[in-house]
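Listed below are the structures to be examined.
One chain, subunit A, appears in both complexes that follow, with subunit B as partner in the first and subunit C in the second.
Entry: the complex of A and B
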């Protein structure tokens, strides 16, 4: 629909380009304007995540998780610091030439904007965004904004519906509001996945889902992870975070409390408690069994194997 | 979020603490009196009263400016019309149907100033009174109408609920717009038709959500035994005190002075 450079698609598809996008935040700061005084939401947030890795974004409600995700997607501009996508920052892309833009497939601000379009963001309760009169049409909204040819859009839609467990032949023509809550959540996820994001940000995706849908969603995410998509998962569910994420970033009142690989020794446990979280079940189990909690398995299957 | 709806400026000035009913009566009486009198002297009395209320309210001038700004074109238009279409017999400049006279100029200035004083007095009320308190006050003042079977309490409740949900819905509109922007929607470019069409992905979810909320709220109210048509007591009954009596007495004095001077 819009005049999107074909380079956008090229970068996502081209063989040789890594599927997962690398993400780095350098001293990112942001505050919300309120009537009386600005309220700081993020202060000096720095971390790096290699392409294809998955990150659990933990922290109490109001610690800045949602704000950080929206800044990474470019819905808000950071007041301080920079967000680097595949090593490219906004200012850098605007100033430097082809060399700096590297794999972005473009230079200048357009190059950075093209990278931002390869970042998918799934909002908390994303079923709010459903508006079209059929599931297929709703999922097609995103990819058609990217200016892809019609057959490519159609293929992406079928693929995304299939991936989230809503087979297009059964669900494609259904009205989004005629679906159950869990199906709506998965349909909204398909709407983002159809844009073939190289970095997928999810804001509390498990909230108010029944256990079966939760497991289904976790299965979809681990499949994306296996496909090499970089994942950032903001959640309060430490068990799912533990099973899905390689690393963690913990925010406390807008500041980084911990970043990097999981550390679930005594200090790590205290950090989790400070954010009103408990340690993952399997970690606790390992500790109670008298084993090293740092070597706790990620999945029940691994645990069963280790205990057998 | 910037909204023009939530005009209230939180504060604890003497004006803020007044009973909303007293404020509403005072402002209505002043507004009526303002239009009964057509002399600069009378206007000056009301203007002074308005400025005193403004100073006492402690609301920053910028907030008043926000209330004035959208009305400036109306004031300007009034001034121009009155200036150009004044009486023709003593005009010192005339062209075609336009006549500019001393009387015309004076009348134009008078009308414009009257409008400004009116906005000033009205703004003091809306800037220092929470919309909900104002609704409560109006419901109380409308009580005699219940004898005529006007469901004043139910109307007040409807207004209260509507006001309560405006900020909530604004937050949700913001979230929906962000979600669609993350999917590539573009709300800022193109002609009017394209812009209107770009809003479909926002308005559809918003309507669905509003209906769902209304339905849930109705159920919740029923579950808490809400019944229309019966007299309900209040958690915070409105209480008028000495200050409110003083306000009404002062208002009466200002009106008498303004009408007689």
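Entry: the complex of A and C
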């Protein structure tokens, strides 16, 4: 596999910190302004995700998933509550909890800002933001802005291109617009991975990819997960969420409808339906086979293994 | 065969008879080359679709699906074709393309690019305004569309404040406010939650039953199962045309085209590679359960 070389290089662990960043939201609230009245987007959202765990962020269109990702990434400040990265909150955030957390080390503000640089967000249809005249240049933009030395930027770019299956010797000099849609999506992902995030947020990363490219992207995410990167995956695709994520956070009209391990019983199924979702196919299959849905396999291969 | 004339249908035309056999879409040797591109996006494509027929178009990213969608909607000038007629309009002719745009609704995957007005109901009315419908007819039609797509309560909402699913329903309501004879949907559910997907798929099936020709481009293999026929593209040509199970049961073709199977089919395929062969590959949960029941 093309991704073996960077893993042995161990560059991602150079900082000596745990690879996966812990994430916690405490009573986060946010609204969008509209002419008549503000539209609440998030209300009292609290959850915790340990470093290295993967979280499926589920919910109907408009339930607040993208808003939450933007707030965790620091692109919007919460109106209420706080986001804690490795236990550190932004000092200026409202709420006693945030103040206590931010003040714990006496370096809340600076520490939080530094931690924010280790959070990567891959937007919906990120290929729309490709802008440079070569793949290499596009991927280098993020790490350059972090002020890394040139040789480290160059190494990170090569590593990220390898990781997403766009070998730099073949793709590095290609114009982003000369790539296929699936290659553009992977290039945009490389632009985020080059900054070596410890917490990676993905907003509907599988949308409009063909099935083969989806499988490839799922393999990349599995690999990041195995490397210990904390993942938050906002998606409508419950089957991919089931195959990739340890836990779920379900939002309903901006509120937490469920958080924690997947509930594979009748209540969980009802909750999914209420959020315009359905239960994962393999869970449904296990239930209909009369097997314990809590033991449902995560992948088609595991399912076949159990059934063969 | 009852060929329709090419004149625009009068405003307020009711549902068309279903099952009419006349092809509404007929292209042969259709070609398209993007300026500066190395190869043709469409390289001699043949396709015939009748009224009341729902055809799913599949293929890897870059196989030509979206280019085909734009051409069928009269939005681009074909590079060349032996024949390119949609709803009786010649796509090789500028006037024909303009007329095709009136009869063929096109819905893209990203509704952001399709919403133009300052609120939902104005957006739905936009096409009708351009066609100079009377205010009374327009109001009635807009109300009908808002109700059909569950948008009545959002009628004054600014489009940028809608969720993805709400935006796509608004765009679809706008496309269909103008009475259409064919509908081209280019990954219309890509941004939607499962329930939103089901709604759009259901709407497409209903419109097929009302006699529209439906061209449904998708990457969702489960959605393909709803179509009457599947067309698979590779490098701008049709490499499969036929019934949907026939496509999915050609495992070599499915892999070569970068496609997948519906989830049940994927499990069955994995079982096959572990020595558990099926006489006929199951493609739905029911088929898989039945096959597993027989085998045990």
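General observations
Following the convention adopted for this analysis, the second predicted complex is superposed on the first by the 276 of 308 C-alpha atoms of A that agree within 3 Å, B and C clash if a C-alpha of one lies under 4 Å from a C-alpha of the other, contacts with A are read in each partner's own complex, and residues count from 1 in each chain.
Criterion: contacts are C-beta pairs under 8 Å (C-beta built on N, C-alpha and C of every residue); 3 or more make two chains touch, one makes a residue touch a chain.
Note that the structure is predicted; figures quoted are calculated from it, not measured.
In the model built by aligning both structures on subunit A, subunit B clashes with subunit C. Within the superposed three-chain arrangement, the count of touched residues of subunit A is higher for C, of the candidates subunit B and subunit C.
When both complexes are overlaid on chain A, the residue A:73 reaches subunit B alone and has no touch with subunit C.
Touch criterion met: A:130 reaches subunit B, while subunit C stays clear of it.
Applying the stated contact rule after C-alpha superposition, one finds that A:208 touches subunit C and leaves subunit B untouched. Contact with subunit C, but none with subunit B, is seen for A:181 once the two complexes are overlaid on the shared chain. Legend: residue contacts after superposition of the two complexes on their common chain; A:290 is shown touching neither subunit B nor subunit C. With the complexes overlaid on chain A C-alpha atoms, the stretch of subunit B that clashes with subunit C is 224-232, out of 80-88, 206-214 or 224-232. In the superposition on chain A, the residues of subunit A contacted by subunit B and by subunit C overlap at 35.
The touching residues of subunit A, when paired with subunit B in their complex, are 2, 35, 70, 73, 75, 117, 120-121, 123, 126, 128-132, 141-142, 145-146, 177, 191-192, 195. Put simply, subunit A touches subunit C in their complex at residues 32, 34-35, 39, 59-63, 124-125, 180-182, 204, 207-215, 236, 238-239, 275-278, 281-282, 284-285, 288-289, 300-301, 303-305, 307-308.
By the touch criterion stated above, subunit B contacts subunit A in their complex at residues 10, 172, 175-176, 178-186, 200-202, 204-205, 208-209. On the side of subunit C, the complex with subunit A involves touching residues 59-62, 109-110, 158, 161-166, 187, 190-197, 219, 221, 255, 258-260, 263-264, 266-267, 269-271, 273-276, 285, 288-289, 292.
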